[in-house]
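This report refers to the structure that appears directly beneath it.
Chain naming follows the written order as A, B and C, and within any one chain the residues start at number 1.
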Amino acid sequence: MLLGHYPFRALGSPCELRLYGESRGAIDAVAEEAKALVLRIERKYSRYRDDSVVTEINRSAGDPRGVRVDDETANLLDYAATAWQHSDGLFDVTSGSLRQVWNLRSGRVPSRAEVTAALARVGWRKVRWQRPRIVLTVAGMELDFGGFGKEWAVDCVSDLCRARGVRHGMIDLGGDLRALGPHPDGRPWIVGVRDPRAPEHAIASVAVFAEGLATSGDYERCMVVDGVRYTHILDPRTGWPVRGLRSATALATQCLVAGSATTIALLKGDDDGARFLDRLGLPNLRVHADGRLAGSLSEPRARRSALPRTAPSPAPRDPPGHSDPAPLE
Amino acid sequence: MKPVTRAGRALLLWALVSLPGLSTTGCASLGWQWDKWWSDVKLPDFPAFDEYTESPKSYVEIALEHDFLVRVKPWERAVLARHDMAWDPDALEAARREHTFFSKEATMPGGSAGGGGCGCN
Amino acid sequence: MRRSRRESRRERAALRALTSSALALLGTAGKAAADTAIDHYESSYSFSTYSEDDLKKSDTIPGGETKRYEINTQQLSLAAPVTEWLDLSLLVTHEHMTGASPWYTTPDAAGTPIQIMSGATIQDTRNDMRVHGNYYTDSGRLGFGGGYSKENDFSALSFSTDGELHFNEKNTTLSGGLGSSFDDIDPTDADKYPTRPDHKTKQSYSGFVGLSQVWDRRSILEGSFTYSWDRGYLSDPYKEVFQVGGVQNYGDFRPNSRHQFAFLARFNRHLEETESTIHLSYQYYIDTWGISSHTAELGWYQSFGDSFQIAPHVRYYSQSKADFYVPYLQFGQPKLEDMSSDFRLSAFGALSFGAKAEYVFHTPWFRDIEWRTHLSVERYLSSGDLSLSSVSVASPGLVSFTVFSLGVDVAF
């Protein structure tokens, strides 16, 4: 069995495919197809692209006729609606327009009035979604699939690779990953979970056999102003960044479900988020606001990081802790 | 009153009253969800206009199409598709019982357009 | 502790919803399907038998016939897909009846009516055949049907059409239908009995409209209204009305027109905690003959695993009497334009309870075949005491019986 290692950049993050196969040509072809799939998803759903479906929907905000969407987009919207319903409104894909007031690169904290004004354009209730038509009823509203698009792409690529016969491998799109199957000898993939306050280091590691794993953290994109950390995860009900858990990691069959669980957990805050993850029944790991580790994956039985911490590097590509044979180059 | 009829009435009363309550998410949950249900109610203007196809809606559509009536999504229909969730899980038995009761009582069975008679009035 | 258990249930429900939604999104759960024709063949056979309880000795003349009907029924149905949007089905019924039937009621020494049975043992066979076809579109279904029924003294030809329209992503369904039946009645031995007409016809026209709504993942409710108009010969040729001191009996005279209205509500709910499904239904009926009735049914389908199910059920029925129902005519009472002593038009109530046991199994022969076998028993009791309205004198002809039935359904 050969291992192919295919790094590339998409969805605004470093991505890697690790696929096992019988012949180099075969896994090269699968990797090409997978990359093309990820790029297609990015082209279709990135709100930063002029030709994407999301931009088309966002442009129609305020138009009562709305936009007619295809089946794939309809299924995504149905998923967004389900997640919204089951998270008491915390998981809300319309919170995209809040980025206009929360520009994390500027280092500027908006005023209360600005946030309140921006909130008028936020809320799934202001969306009329009935297959196949979506109407954003307030002008200026924006949909953003960034909250679950990457995890969904991971699942799509995994399904594609499985359909092409790849039974062992790991799909990693910017930290959201899914194992197609363990290494051919049965060893699991060891994935390191970043320390929220020292993201180049691992605070723990998780053994993944054939599940999806997703992490949400307050360190991914944030700004620190006057010693206060403002993360990119904004509560759609208040318009302000969430405060509580530093990061949450979950394992689920679908990376999409794991990702939604961790996003919702972070949005719920320290105690509620922890309880939410436990009650869901998914194996999880979380770093609380006081820095302590908790969750079923944090138990000593689960493989804690026994690997030495790597030296800090400016832009690490691998989450430290990955253990795999020398990639085929 | 004969014992069997007393028992019969008691049984019926008990069943009608206790069964919704017996269900752990029975009447109590229906009540608890009621305001959640109505908070999303949005009745269309009359006469209603389908903005997408730019044609007036038929009266039937005006009356029946409401957002709050979309209670269950297609992938949530696993339980509704159960064999025992059909109105008549056993079509043959339902037809036979209907015919038997019709031949002993004066009531026609509801819910379907009559097809076929019998000599039993 | 209780609160956290309920909240745990919420989270588990959330996980379930997210997972199934994710699966639908990833294309593994199948698209929301518009209605399509059945995709497999189905065939069912059932045999049932019941004998009506004998008349109580006190309800008839001394030494009179007390035996009533014994009925055996066999049913066979077949359903097959023709194309993706068309399917057909056929139902054949063969029924054999023997026994005596109620003839007229007469007062006993105390003035209480007693039932006289027809002396001759009746033997009758009923054959009934119905076909039905369904045509499916994106938003609903259209059905067509016809049937023919033949007995020794009766034949009927019927036609019907029905349809369904779906709204709100198939959460709301509007259904309706029209039907008509054309009956020919040729009573046996019409020459021997002066009150028996020779050849009569009857027509029946009916329609219904119904609305069903999915309440939540595991509940559905439906309300419907049915109207029917019968005209022609609506009387029973084999029944008579006795007059005290009369020379001979009058025939059974019912109006030649009848408008019937039925309002039905039903509700099904599945309880996951106990793996059971409840069926509840209630119907209110009223017609222009003065009869109004209530029918309430409750069924509890209890599953034990995937293959076994026991379903007890109970049915309560109560009707008022027809305006022209008379057990008999008093001495000197003038003949009425409409009159009948048929127990089926008197005021009474009925309670029936029974249970069905079902066993499902699969055999992987040329295709995966699903077999459903069931055995059921039901006991039906009717009496004036069971009626909701007060009944001064119940008809002595009210019947009770016990049904045994077994059947098998095959799907392949």
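Basically, contacts are C-beta pairs under 8 Å (C-beta built on N, C-alpha and C of every residue); 3 or more make two chains touch, one makes a residue touch a chain.
Since we're looking at a predicted model, the values are computed, not measured.
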Which one of the chains is closest to the middle, using the mean of its C-alpha atoms?
B
Highest C-beta pair count, chain pair:
B-C
Whole-Å separation of chain centres (CA-atom averages), chain A against chain B:
42
If you average the CA atoms of chain B and of chain C, how many Å lie between those two points?
17
State, to the nearest whole Å, the distance from the C-alpha centre of chain A to the C-alpha centre of chain C.
57
Using the touch rule from the top of the page, what residues of chain A touch 2 or more other chains?
78, 82, 130
Could you pull out the residues of chain B that touch at least 2 other chains?
70, 73
Hunt down the residues of chain C that sit against at least two other chains at once, touch-wise.
17, 21, 23-24, 31-32, 169
Can you tell me which positions in chain C touch chain A when the two form their complex?
4, 7-8, 10-15, 17-19, 21-28, 31-32, 169
Inside the complex, what are the residues of chain A that reach chain C?
71, 75-76, 78-79, 82-83, 85-87, 130-131, 152, 155-156, 159, 252-254, 256-257, 260-261, 276, 279-282
In their shared complex, chain B is touched by residues of chain A numbered 64-66, 68, 78, 82, 125, 128, 130, 133
So in the complex, the part of chain C that touches chain B is made up of which residues?
17, 20-21, 23-24, 29, 31-33, 44, 46, 48, 50, 73, 75, 77, 91, 93, 126, 128, 130, 145-149, 151, 153-154, 156, 158-162, 165, 167-172, 174, 177-181, 183, 185, 202, 204, 206-208, 210-211, 213-218, 220, 222, 224-226, 228, 234, 236, 260, 262-264, 266, 268-273, 277-280, 283, 285, 287, 289, 291, 293, 295-296, 298, 301, 303, 309, 311, 314, 316-317, 319, 322, 342, 344-345, 349-351, 353, 356, 374, 376, 378, 380-383, 385-386, 399, 403, 405, 407, 409
In their shared complex, at which residues does chain B touch chain A?
40, 51-52, 67, 70, 73
